[in-house]
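There are two complexes below, and they share chain A, which is joined by chain B in the first and by chain C in the second.
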Partner chain A sequence: MSMSSKSTLTVVLMDAPFESARTTTAMRLLDIAARRGYDINVFAYEGAVYLPFARQTQHPNAVHGHDTAEENHPLPKDWVTALIAAAERNGGSIDWANCGLCVDERGADEAVEGVRRGTPADLVDFAARSDNTLVIPTS
Partner chain B sequence: MKVLQIINTAYRATIEEQDDTVVWLTHAMTGAGGDFDVLLAGNAVNYTVERQDAAGLSFGDWRQTQPPRLGHDVAGLIGKHVRVYVVDEDVREIGLTAVTQVDGFTRIARAELADLFDHYDQIWRW
Partner chain C sequence: MNHYVLIASKNWREAADANDCFELGAKLAEKGNTVAVFMVQNGVLTACDGAPELLAARDAGVMLLADAFSLRERGISTARINESVRSSTLDFVIDRMAAGDKVIWH
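Let's look at the complex of A and B:
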């Protein structure tokens, strides 16, 4: 595969937000792929279905001496939205599928726009259509 | 496309999920037409032990009625023609040689893993 050819990548995420540096690293990898206009599939499994959870909210941080606006706390749902927009802007796409049963058991059924409910069959399909698949599991 | 699922970490939320989530996912994806095999390594080799019993969990009046049955679930994969490999050194290191294990899995030495990986299009390490 040449550097200029368009790739299709599948990334499987498993970590819940705010608990592991793996999430940030995964998002950075997705960002590179989005900037390159790749077609990206994300299968969010288990706690990762909370990454695009729409009800995440920012908060003040008294330890930092910041109000909510000053703290401007990062929210993974905004990262997901930004990544989807970046992919589209660069001629690519992100098909983000949240494992439906994982959503149900967590009550995480409110996701940002661009995220859909999926099943393990989606992951099979994603992988079959991808140049490669990266699994980033929880530990 | 043939995929080898490597399960290297065992008992991640198996009480809450009442199964291993990657074993479960492999069942589901096999049912969806995927072509998967499994390699159990590290403490996950314990999933081959037949008589694991996680029953009896209770909190107050709440009782768990469907505890995980990991040996059963691994045997179920084998029953679906998923090849289950188990790292032989890990089996011996945690002392499983004297317990009853499920039928049908294949022991493999660490030195043979590279050759095994050559038979797959993708390797997913969980």
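Let's look at the complex of A and C:
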């Protein structure tokens, strides 16, 4: 496919939030694709199903003497929401599927809007209809 | 001939297999494939090492790139990276994914 035409990309995420630089890099990659208006599929499994977990909350940091607003702790669920909005704003889309088995194991069944429950079969489907697939595993 | 992008996200100080992707890149290039190794996160530390695996990959014709964001995060100026490595951005990875290259995270 030409780089100038619209692409469909799939990214597979495994890392739980707040634990690895891989999450930041994955979000940066997705942000670039979203700004280009690509159609993006995300299959999140294992700990990554907590990336869009709706009950993430900011907190103060007593060690730094910061209240919640001053600390302004970034939350991955907000990044996911922003990515979905950026894709739509640029004429693309994000189909974010959280592995249902992994969700049930972890009680992570409250996700931000735009995230759906999926199965490993969704990953097969994503890969089959994408121009490319990148798997970002835990180390 | 295939086109490969190998993403080197680790440094040998944290993972014994970190430089394997440079060896894989060299072998793929020697077989006639087009290969780039894109260093990101702690992988960019290898750009400063001049590690034998990195230099062997260079000699095999592998394109060597280091993520500018990861370099800045670690206070590494481009003057400190090996002359065979070029500073780049993650746009390169998305470009190559869109073009259909085989992109492998290591």
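Here is the rule we go by: the second predicted complex is superposed on the first by the 139 of 139 C-alpha atoms of A that agree within 3 Å, B and C clash if a C-alpha of one lies under 4 Å from a C-alpha of the other, contacts with A are read in each partner's own complex, and residues count from 1 in each chain.
Heads up, the rule we're going with is that a residue touches a chain if its C-beta (ideal position, glycine included) is under 8 Å from a C-beta of that chain, and two chains touch if they have at least 3 such contacts.
Only a predicted model underlies this, so the values are computations on that prediction, with no experimental measurement involved.
Colleague: With both complexes overlaid on chain A, does A:Asn90 touch chain B (first), chain C (second), both or neither?
Modeller: neither
Colleague: After lining up the shared chain so the two structures overlap, which partner does A:Thr25 touch, if you call chain B first and chain C second: first, second, both or neither?
Modeller: Only chain C is touched by A:Thr25; chain B is not.
Colleague: Once the shared chain is lined up, is A:Pro120 touching chain B (first), chain C (second), both, or neither of them?
Modeller: Touch partner of A:Pro120: chain B, not chain C.
Colleague: In the superposed arrangement, which partner chain does A:Glu46 touch: chain B (first), chain C (second), both, or neither?
Modeller: Only chain B; A:Glu46 stays clear of chain C.
Colleague: Just chain B (first), just chain C (second), both, or neither: which does A:Pro137 touch?
Modeller: After superposing on A, A:Pro137 lies in contact with both chain B and chain C.
Colleague: Between chain B (first) and chain C (second), which, if any, makes contact with A:Ala128: first, second, both or neither?
Modeller: First partner only, chain B.
Colleague: Which parts of chain A are in contact with chain B and also with chain C?
Modeller: In chain A, positions 132, 135, 137, 139 sit in both the chain B and chain C interfaces.
Colleague: Okay, in this complex, where on chain A does chain C touch?
Modeller: Touch residues, chain A against chain C: 1, 3, 7, 9, 21-22, 25, 28-29, 32-33, 36, 38, 131-132, 134-137, 139.
Colleague: Quick one: in the complex, what on chain B touches chain A?
Modeller: 1, 3, 9, 12-13, 21-22, 25, 28-29, 31-34, 122, 124-126
Colleague: Which residues of chain A touch chain B in the complex?
Modeller: Going through chain A, the ones touching chain B are 12, 14, 45-46, 119-121, 123-124, 127-128, 132-133, 135, 137-139.
Colleague: So in the complex, which bits of chain C are touching chain A?
Modeller: Where chain C meets chain A, its residues are 9-10, 15, 40-42, 69, 90-91, 93-95, 97-101, 103, 105.
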